[in-house]
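Inspection log for the structure reproduced underneath, given as structure tokens.
Labels run A, B and C following the written order; every chain starts at residue 1.
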Amino acid sequence: MRQKVMILMCSLAAVLLARNLYVILLSLPDEASQGAIYRIIFFHLPSWFTSFTAYFLAGVASILYLVKKNSVYDAFAVSVTEIGTVFTAIGLVTGMIWARVIWGVWWTWDPRLTWAFICWLIYVGYLMLRRAIEDPSARALNAAVLNIFSFTTVIITYKAIDWWRTQHPGPVLSFRTGGGRIESGMESMILWNWLALMLLSAVLVMIRMRQEQARREVDALRREVHAL
Amino acid sequence: MSAISVQGVWKYFGDFPALRDITFDVEPGACLALLGRNGAGKTTLLRVLAGLLRPARGTIAILGEDARRREAQRRIGILGHGIAIYDELTAYENLHLFGQLYGLRDPRGTAIEWLEKTGLDRVRNGLVREFSRGMRQRLAVARAFLHDPAVLLLDEPFTALDDRAIGTLQSLLREALAGGRTIITSTHQLREALDLATHVALINRGRLAYHGERTDEMLADPGWIYRNYGEA
Amino acid sequence: MRFLRQSLTIAAKDLRAEVRTKEAINASVSFALVILLLFSFAFDPSGDQIKEMSGGLLWLDFAFAGVLILNRSFARELTNDCLDALLASPVPGAALFLGKCLANLVLLLAVELISLPVFGVFYNVHWATQFWPLMLVVVLATWGLTVVGTMFSAMTVNLRLRELMLPTLIYPMIIPALMAAMQLTTVLLAGQPIGGADMLWLRLLVGFDIIFTALALTLVETVLIG
């Protein structure tokens, strides 16, 4: 049953992505001031949305784990954080490509890019901590606590960077059409692509959770054998 | 009311059950020798009793109080693998510190009293770092007994003790038992422990394989229990 | 209250041990001075830019040197299994944590108050003009750093790679506090009081401290007792 759901979602995601790519590359017109490169926004923004959703869900799962102590929440938290980290990286790379084309530089301390990099470092730290703790129960507990701290600081830093930028103004990587608003066709495409990425993420999370569960079983069996 | 009451305790490390459905009672004034091979779960059980680990399931009561409550922890003294005293503090400072942490009315006086009892009075202002091994062990015993605990949890206390220290510890334990205290001690040194023990329990792969009074047969033949209740 | 008294007992114990050995504080002060020296090669020490960077440089210095002390915080309890004795005692995990935070705060402030005049001399900065506001900012930001660092010290106490993990975890987490501290300190070192726009940063600092102290006090018991 689970297998069927996964295959279904995967197919949906594939179909959606294929259709979106077609529309993005072939039927939407060029944007007024930026030319063809603006199309990267259809992966740049949805990657952000997906990764932030992932971080939020990881935070919720971590709190649930501390309350209920059910290992499913822990498996979900790590799976979803990994997804978040990957999509943050994609967001960073697409942002850098965009910046290179628009301004000629690979990196700029644009508030969004800066914040994304901080998020990436924070959650890579989370993944590193998990790797460093061997006992699964201690790993889940400490990781859950770290995740709660991480999400709190992610939110605070978001605001803080905005304030920093008002005092240290710099370039902002954002999307402007001639009229200063996003055309509805483009807006809906951003949302469609987000849906595709979310479907893909859901499949990946399910696979990863199954792997995490298997790992726990293997670990328990290994201890059992050692005790003999 | 039992001194220690363990009901249906399970402890997992990940999915591995280190303790499975442990249930037993220890009456006040009893001395329970906790036996079992390495990795059987003795240390885990003692840590759970001491409040250092939380069981996944089950309850533990120390003299009627839930073991996780502070009141219960006030009545427990522990002596583990590590001696749990600070090298950078003096003997007196160590005991005074723990006296304060346990909320004693007169930490100063009690500390001095125990320094005298363990023969460390003359070195009370010496740094523990400079003590000999025997002196450190005696100070550790003082720390464990300082707050007059009703229950003592000892994890292999006789390991690596010299004869003088073994003698001191044994007489202190006998004195404690005579005063109505309760002791659980895990051990590999069957002889020393069985000598003192009124009851015996065997942990085998996380389960309580045996729990009963210590008989004279056990004293004469300490290996008996492993042979009969050890591996299936 | 008993909670506070227990925390102070723990804090006193940590400070007494540290004053006797001086291991962590010596290493930290030396490191802080070395960093100030290295900065002089990275930037032109006599230039006007130093005025703009002063807050940033100072807090980088404090953060790097401070982590050396924070690293030791729970690690020092591992010798002789002292941590077990503390956790088995009636002292709540939160009181143990608070006591260690207080001790760390004192130690970090000591390192910072030694580094500050040296910084002033090396980079020709008149740091004492806005003395009390500066002290307020230093204490608030150091508390933020201490709370997060002590918490992570508790989390990583049993790990082999503790010294490597702790810096990786701490720095990104305290960025808001560092940003606020840097901004406010640059203003204060230039002799200006904290004005309208900068009050925002002060509020951020206070908010950061409150939020993370509350989180840490709530969660530390979970981390210490598995």
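Worth pointing out:
Convention: contacts are C-beta pairs under 8 Å (C-beta built on N, C-alpha and C of every residue); 3 or more make two chains touch, one makes a residue touch a chain.
Here the structure is a predicted model, which means the values were calculated and not measured.
Of all the chains, the one whose CA centre sits at the greatest distance from that of subunit C is B.
With centres computed from Cα atoms alone, the innermost chain of the structure is C. Between the CA-based centres of subunit A and subunit B the separation comes to 50 Å, rounded to the whole angstrom.
Each chain gets a centre from the mean of its Cα atoms; for subunit A and subunit C, those two points are 31 Å apart. Once the centre of each chain is set as its mean CA position, subunit B and subunit C turn out to be 38 Å apart.
For subunit B, no residue reaches two or more other chains under the stated contact definition. The set of subunit C residues touching two or more other chains comprises 226. Chain contacts: subunit A has residues 135, 137 touching two or more partner chains. Only residues 69, 71, 135-137, 216-217, 219-220, 223-224, 226-228 of subunit A touch subunit B when the two sit together in their complex. Contact residues on subunit C toward subunit B in their complex (touch as defined above): 2, 6, 9-10, 13, 16-17, 20-21, 79-82, 84-92, 225-226.
Per the touch definition, subunit C reaches subunit A in the complex via residues 148, 151, 155-156, 158-161, 165, 168-169, 172-176, 179-180, 183, 197, 200-201, 204, 207-208, 211-212, 215, 219, 222-223, 226.
Residues 12-16, 39-40, 56, 205-206 of subunit B are the ones that touch subunit A when the two sit in their complex. Taken together, the subunit A residues at the contact with subunit C in this complex read 66, 118, 121-122, 125, 128-129, 132-133, 135, 137-138, 141-142, 145-146, 148-150, 152-153, 156-157, 159-161, 163-164, 167.
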